[in-house]
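Two complexes, one shared chain (subunit A), two partners (subunit B, subunit C).
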Partner chain A sequence: MTTRSASPATKVFREPAVEPRARAPRRRRRTLPLRRLLAPYVFVLPFVLVFLAFSVYPLFFTLRLSFTDWHGSGAAHWIGFDNYRYLLTSSGFWSSLGNSGVLWLLIVPAQIVLAVLVAVLLNAIKRLRGFYRVAFVVPFVTPLVAVAQIWIVLFDQDNGAVNAMLGAVGLPPVGWLVTSGWAKPTLALLFLWKTTGFVVLIVLSGLQQIDRGLYEAASLDGAGRIRQLRTITVPLLRRSLMFSLVLQTLAVFQMFAEPYVVTKGGPYTSTTTAGLYLYNHITRADLGTGAANSFLLVIVVMAVSLLFVRLLRAED
Partner chain B sequence: MNPTLRRSGRTARLLPRRGAAVAAAALLVTGLSACGPDISSDAPATGNAVLQASSDEAPKGEITVWDRSGDLYKVFDAAIKKFTAKYPGVTVKHEAVDIDSKLQNTLITGTDVPDGVFLDDAKVGGYVSHLWNLKDVLAPYTKDIAKQKVDVNTVGGGIYGVPFDLDPGLLFYNAKALSAAGIDPNGIKTYDDLLAAAKKYQQFKPGAKPIHLEQNAFNSQLQLEMFASQLGTGLAGPDGKLRLNSPQYHQILTWLDTVRKEGLGTRAEYLKPSDVSALDSADEVFYPWAIWFDFAPQQQLTATKGDWRAMPLPAWTAGGARSGAMGGSSFVIPKDAKNPKLSWLFYRFLMFDQAGYTAVYGPNSVYPGGLNTSVPAYQPAADPAKPLFRPIDAMGGQDVWKTAVEAGREIPGGAPIPAWWSGAVDYLGTDLQKMLDGALTPQQVIDKAGKDIQTNLIDRK
Partner chain C sequence: MTTLGVRQRKPRPLLGSHAFLLVLTVALLAPVVWAILSSFKPAGEIIRNPLGFDPATFTLANFRGMFQDVPIGSGFLNTGIVLVAKGAITMFCAPLAAYAFAKYRFAGRNLIFGAVLLTLMLPTIVLVIPLLLEMKELGWVNTYQALILPGSVDAFAIFWMRQVIAAVPDELLDAARVDGCGEFGIFWRVVVPAIRPGLAGLGVLTIMNIYNDFVWPVVAASSSRMATLQVVLSTLAQNISGNRVGADYATVTGELLAAASIALVPLLILFIVLQKHFINGILAGSVKG
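So, the complex of A and B:
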C-alpha cells in the first residue's frame, strides 16, 4: 500500500502493479528456424526407428500371425481365434503353465528369503566382503549350458555325486532328473543356484540405502538383531524386494534354457515350462499357434506382474 | 494463469501433434506388418519345382553347403577335395551349422539360403515346400537306392532329399558275457528267443537287466519306429493317415511291456552315464539299436570294449525281416539356393560316384578304418563283398560292414516319415515312456497317443 504523506526518501514497498490483461503488450511469437524445431525429433529418431523395427513391428506381426495357420511357407490362412481356442482347450498349454506355476512356488519365495539373509550377512561382515560378493555373483555370470551339464552329472541317478552322498548315509538313490516328482525341484534348485546372486545384488543395494541411524536408535531402544531385521530392514527393503519379485516372476515364466538343456521338458512333460512349450510350436513350424501362445503368455505374465505392482502401491 | 488451465491448454495444443505421431507410427507398423506372408483363404500352394540336371560339361560357380559340426563335417570336408579335383570350376563353401536352429528361419526369410543342407530324414517332410523336388535328377539312380530311403524322402509323389546313409537296426550283444552264461547268440532268431535268452542270462547273473529299455522319449519313439519299419509299417501311411492302431504296433508295444513286466530291461538313456555303467558291468547285454551304436564300444565303453558284436535283429515272426531302419539323413536343396544344379552335381558325386562314396565311407583321417556308423543307401556302393570300412577292433575285429549291409537289404519299404513325426514325440514318445514305467498299457498308449497325434498334429496341418 502507498501513502501520499511519506517523504520521498522513505522506502516504501510497492506491490507490483498488475496490468490488465487486455493492456499487456502482445508477446510477439518468435518463429524458430525449422532446423531447431526438427532437432529434437531427429535426435530421438534413431531410437524410434530401432524401437519400431525390433519391438513394435514384431509385436504387430506376431499378433497378425496368431490369427493364421502359417507354417513358414506359402500363403497364411486367416483362421480367426482358432489358435487361441485350440490353446485354451489344450491340456498341453495348461500343463505348461501349471509347471511354470509350480516352479515359481518352488523358486521365488525361497529365493527372496535367501537373498535377504545373504545380503544382510554380506552387509554385516567386515573381512573378505569383496570376495563373498563376487562368489555369490559368479554362478549368475557362468554360462548356463556349463552349469546344466554339471547338474546332469551331479544328479545322475546311478553315478551322480548327490546319490553317492545319500548312499554313504544309507539312503536309497533318488531319480532326480528321471522321475516326474523330483525333476521340478531339481530344476528349481539349479535356477536358485544360478540366479540368487543377482537378487542378492539388488537387495544389497537396497540395504545400503537404509539410514544406519535407524539401527542405532533401535539398538538404544533395546531391539535385537532379529527385531531390527523384522521391523526395519524388511519393511524398508520392500521396493527392492518387489522389484526382485516381479523380475524373477518374469524370468520363471519365461524359463526355457534350463529345462531344454537338462531335461528336454521331461520326464513325460513334467518340466515343459510355458517357455519351452512355446518353443516347441515354433520348432515344428506351427508359427500361428506359437504366435498365439506367446500372446497368451504375455497376458498371463503381465497380469501376474500387475498384481504385484498393485500390491506394492497398496502397501505404499 | 491457473496451472491446471495452462497444462490443459498445452495438452490441447499437443494433442494434434501426438495424434499425428501415433497415426504415423500406426501407418508405419501396419505397412511393415503387411510385409509378412500373404493371408488368403485359398488352398496352400504346393509349389512343385522339379530340378533338372545341368548339361554344362565344365560347370563353374560357388556353392554353400551346410553340415552339422563334428566328425561328419570333417569327413565331408575331406570328400570335398576329391570333388573339386574332379570339378575344378566349382568352389564349395563348407559350413558347420546348428541346422536344427538355423534352417527354418533361413528358409522362411530367404536370406543367405545355402545351396545344400545335410538333414535328418525325419525332418525332410517338414520342409518340402521350401525344397527342390529331385525326382527327375534322381530317376537314373532311384531303382538302386534302398527303398526305405526313397520312401522317407517321398512326399506327394516328389522326392525331396538325396538319400545319404542307411541305418539298419542290429542286435548288439556282449559276446563274452553271453558265452559265460552259456547262451548262443545264433539261436536268437525271433523276439521271443531274445526274451528267453534274457531270462537265461538273468538266471546266470541275478540282478542283471539284460535288454536296453530306452528312457528318452525321442529315442524310444525312434526305436519303436525301427521295430515298426521291420514289420513294413510306420506311424503314417503314404496317404498320410495314422497307422498306430494296428496289430503291428500292438505286437511291438506288448513285447516292450513284457520286457518291463518281467524285469528284463535296463531303463536308461542312450549312452548316458547310467547306460554306460550298466553296459560296462555286463548287466545290460542286449542292445537292439541302429548301426550307430557301434560308436559305443569304439569310444565310450572301457571294461567291455572288444566284447561286443552285432547281428541282424531278431524277427517278429519266424522268417520275417531281420532289420528295420532307425534314423538316417539325406541332403536337401532349397528352392532359394543360388546354384541348385551345382549343388545336385556335388551330391551326385558324393553319393553315386565311386570316388565320392569311397571318400565318404572309406578310410580317412577322421576314421582311419572308415566311417562305420552307417552304410550307403546306394546299393552298388553297399556291396557285402567290397567293404568300404574295415573290421572294427573294438568289436573283436568283426566285419560289421557285411552284417550291416546284409541287414540293410532286409529293411522293408512302405514307411514314409510324416512331417509331424518329431512333434509326435510329445505324445507317443511320452506315452511310451509312461508304459515303460508301468503307468500305461500298450492299448492305452495306442489310444491316447493316437488321439493326441490326430487332434494336435494331423488335424492342425
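So, the complex of A and C:
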C-alpha cells in the first residue's frame, strides 16, 4: 500500500528523523541510510501480499456478490439490498445469532472464572505444578475434529459412556445431542473442555507479572486470601482478563467446526451457530445471500470485539 | 508462592487446591484416555460396555477397518506437506514482520498493523466463498497451493511475536548496527537468538494450528486425493451422524475412535516432548500490563 504510493526515502520520519532546522552538521544519526528506511517495508511485504491476495480481494468480491442473486453459475443480477433485507427479516439469521449468543453465555463467563481460579491455585502450589500445567493444555493441542468425534461417541444417548456413568449411580439417561435443550450445553462443554487450558496459561502469565511484595504487604495488614484475590489479583489481572475475553468472544462467534461435526446444527436448528448458518448458504449454492450474511457477521463480530477493546482502553 | 510462604502453618487450603485440581485434571484427561483405550476394544464391546476395559479382548480390528475404509495414509501425507510448507512460511515471515512493527518507525506502520488486527478479527468462514471462487479462477482447487498460501503469514503469530520482540532491548540492536550488521543481519543474528523461547512456543502453536485446521481444507480440498487428515476424519464422523443406514453403528464407532486416536497421538507426543518450550513461550509472550 504505502510501500507503493510514497517513496519511503523522501518521507520525513518522526523519531530518528531528518530535522531541517537542527543545524548540527553531519552527525551520524541525522539521516538514516536508505537500506534502513526500506528494511521495514521489505520485512512486512510477505504479510501485505498475502493480505491483499487472500483477504482484501475476497472481501471486495464478497461485497459485490452480496448485492446479487448469483448461485455459482450463469449470470448474476444486481438486486440491491434484497439479500440484506431478506436476512434481517428472516428468523433463521436471528436464531443463528441467538444460538451463538446463548453459547457465549454458557461458555465465556464460566470459562474466565474457572481460569482465574485454576491459575491462582496453580500459582500458589509448588508440587505437581508442572504436571497440572501439562494436563490442562492437553485438550488444547488435541485436534478438534478428533475431539468432536469422541464427543459423539461419549454422549450418545443409548450407548455413550456418560449415560453409562449416570446409569451406574441410578440416574436416567440424558439425550445429550438429540434434544434441543441439551445440545447447546453439550457443545459448550466441548468448547470449555478444549480451550480453558489456554485461557489458564494467559491468566497465569498475567499473574506472574504481579509484584509479590503486594501480597506480603496485604497479609501483614491482615487481609485474608479472598480479600487479596479481590483487591490485588483481579484488578491487576484486568489486562489479561480482557485479552482472554476478546479472544474467546471471537472464537465463540466464529464457532463452526464443533456443530458441523457433532450435531450438524440440530436437533432442529438449536445448534446452528452463526458460522454454520452462513456455511449452509454455501452448500445450497445461495452465494449472494451467503455473501450478505458474511458481511453482517463481520459487522457483528467487529462490533462486539471493538466494544471489548473500548472497555479495555477505558480502563487505562 | 508468596501466599504459601506466609501461610505455611496452614496446609489445609493446599490440600483443597490439590483435590480441586486433581478432579479437573481427571475430567480433562478422561475423554482422551477413554478414546485411546476404547479404540483397542472390539467394536461391539465399546457400545455394550463403554466403561469397562478387558485387556484379554485387546484387538487392532478397528484400526484395520479404518485403514481400509478411509484414505488416512494420504491424509497424513497431505497434512505433512502442508505443515512443512505453510509452517516454514509462517515461522520465517511472521517474526520478520513482527520485528518491523516492533522496532522500526515507518510511514504506514499503523495502517499495515491495522490490517493485521483486521485479519485477526475476520472469521475464516466469512472468506470461504470468495476464496473458493478465487481458487477456481486460479485453477487451484484441490491443489497444495490452495491449502498452503491463504493465511500462510499468520496474523496471530505477528501479533504475538510483536509483543515478544518489543521486549528485546534497543541497545542490543544498536550495538549490532555499530558493529556493521545489516538490517536483516540484526534480525537473524540478534533478534532471533534473543526470542528463542517465544519462537519455540510459536513453533508448537503453528504446527498445532495447521495440523488441526479444518474449515478451509474441507472446502478447498474436497477431493479424497487432496483431503488432509482432519478432512478424512470428518468424513468418518459424517458416516455416523448422517446416514447410519448401511453402516453398522458399532463398527463405525470403533473406526471413529481408532481414527481419532491415531490423529491425537502425533500431537500429544510432540506436545509432551516440547511442553516446556510451549508453555514458557506462551508465558513469555503474554500481554504486557
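The criterion applied here is as follows: the second predicted complex is superposed on the first by the 269 of 316 C-alpha atoms of A that agree within 3 Å, B and C clash if a C-alpha of one lies under 4 Å from a C-alpha of the other, contacts with A are read in each partner's own complex, and residues count from 1 in each chain.
Here is the rule we use: a contact is a pair of C-beta atoms (placed from the backbone, for glycine too) under 8 Å apart; a residue touches a chain by one contact, two chains touch by 3 or more.
Because the structure is predicted, anything quoted here is derived from the model rather than measured.
S.K.: Once chain A of both complexes is superposed, is A:L105 in touch with subunit B (first), subunit C (second), both, or neither?
M.R.: neither
S.K.: Thinking of the overlay built on chain A, is A:A146 touched by subunit B (first), by subunit C (second), by both, or by neither?
M.R.: So A:A146 only meets subunit C here.
S.K.: Output check: A:G74 vs subunit B and subunit C. Expected answer is one of first, second, both, neither. What do you get?
M.R.: After superposing on A, A:G74 lies in contact with subunit B but is clear of subunit C.
S.K.: Touching A:S305 in the superposition: subunit B (first), subunit C (second), both, neither?
M.R.: In the superposed model, A:S305 contacts subunit C only, not subunit B.
S.K.: Looking at subunit A, does subunit B or subunit C touch a larger number of its residues?
M.R.: Partner with more touched residues of subunit A: C.
S.K.: In the overlaid three-chain picture, which partner chain does A:R239 touch, first (subunit B) or second (subunit C), both, or neither?
M.R.: A:R239 sits against subunit C, while subunit B stays out of touch.
S.K.: Where does A:V113 make contact in the superposed view: on subunit B (first), on subunit C (second), on both, or on neither?
M.R.: neither
S.K.: Once chain A of both complexes is superposed, is A:A217 in touch with subunit B (first), subunit C (second), both, or neither?
M.R.: A:A217 sits against neither subunit B nor subunit C.
S.K.: Pick one for A:F43: touches subunit B only (first), subunit C only (second), both, or neither.
M.R.: The second partner, subunit C, only.
S.K.: Look at A:F61 in the shared chain and tell me whether it touches subunit B only, subunit C only, both, or neither; answer first, second, both or neither.
M.R.: A:F61 contacts both subunit B and subunit C.
S.K.: Same subunit A residues contacting subunit B and subunit C, which ones?
M.R.: Touching subunit B and subunit C on subunit A: residues 53, 57, 61, 65, 153, 159-160, 264.
S.K.: For subunit A, which residues count as touching subunit C in their complex?
M.R.: Interface residues on subunit A, with respect to subunit C: 1-3, 6, 8, 11, 13-16, 35-37, 39-41, 43-44, 46-48, 50-51, 53-55, 57-59, 61-62, 65, 118, 121-128, 131-154, 159-161, 164-165, 168, 193, 197-198, 201-202, 204-206, 208-209, 212, 215-216, 219, 225, 228, 236, 239-240, 243, 250, 253-254, 256-257, 260-264, 275, 278-279, 282, 287, 290-291, 294-295, 297-298, 301-302, 305.
S.K.: How about subunit C: which of its residues touch subunit A in the complex?
M.R.: Interface residues on subunit C, with respect to subunit A: 1-4, 6-7, 13-14, 17-18, 20-21, 24-25, 27-29, 31-32, 34-35, 38, 46-51, 89, 93-94, 96-97, 99-101, 104-109, 111-112, 115-116, 118-131, 133-134, 149-153, 155, 158, 182-184, 187, 204, 208, 211-212, 214-215, 219, 229-230, 233-234, 236-237, 240-242, 249, 253, 256-257, 259-261, 263-264, 267-268, 270-272, 275, 278-279, 282-284, 286-289.
S.K.: So in the complex, which bits of subunit B are touching subunit A?
M.R.: 25, 28-30, 32-33, 35-42, 44-45, 47, 100, 104, 107-108, 126, 129-130, 215-218, 267-268, 272-274, 277-278, 420, 422-423, 426, 430, 433-434, 456, 460-461
S.K.: Spell out the part of subunit A that touches subunit B in their complex, as residue ranges.
M.R.: Residues of subunit A touching subunit B: 52-53, 56-57, 60-61, 64-65, 68-78, 86, 90, 92, 153, 156-160, 178, 264, 266-269, 280, 283-286, 289.
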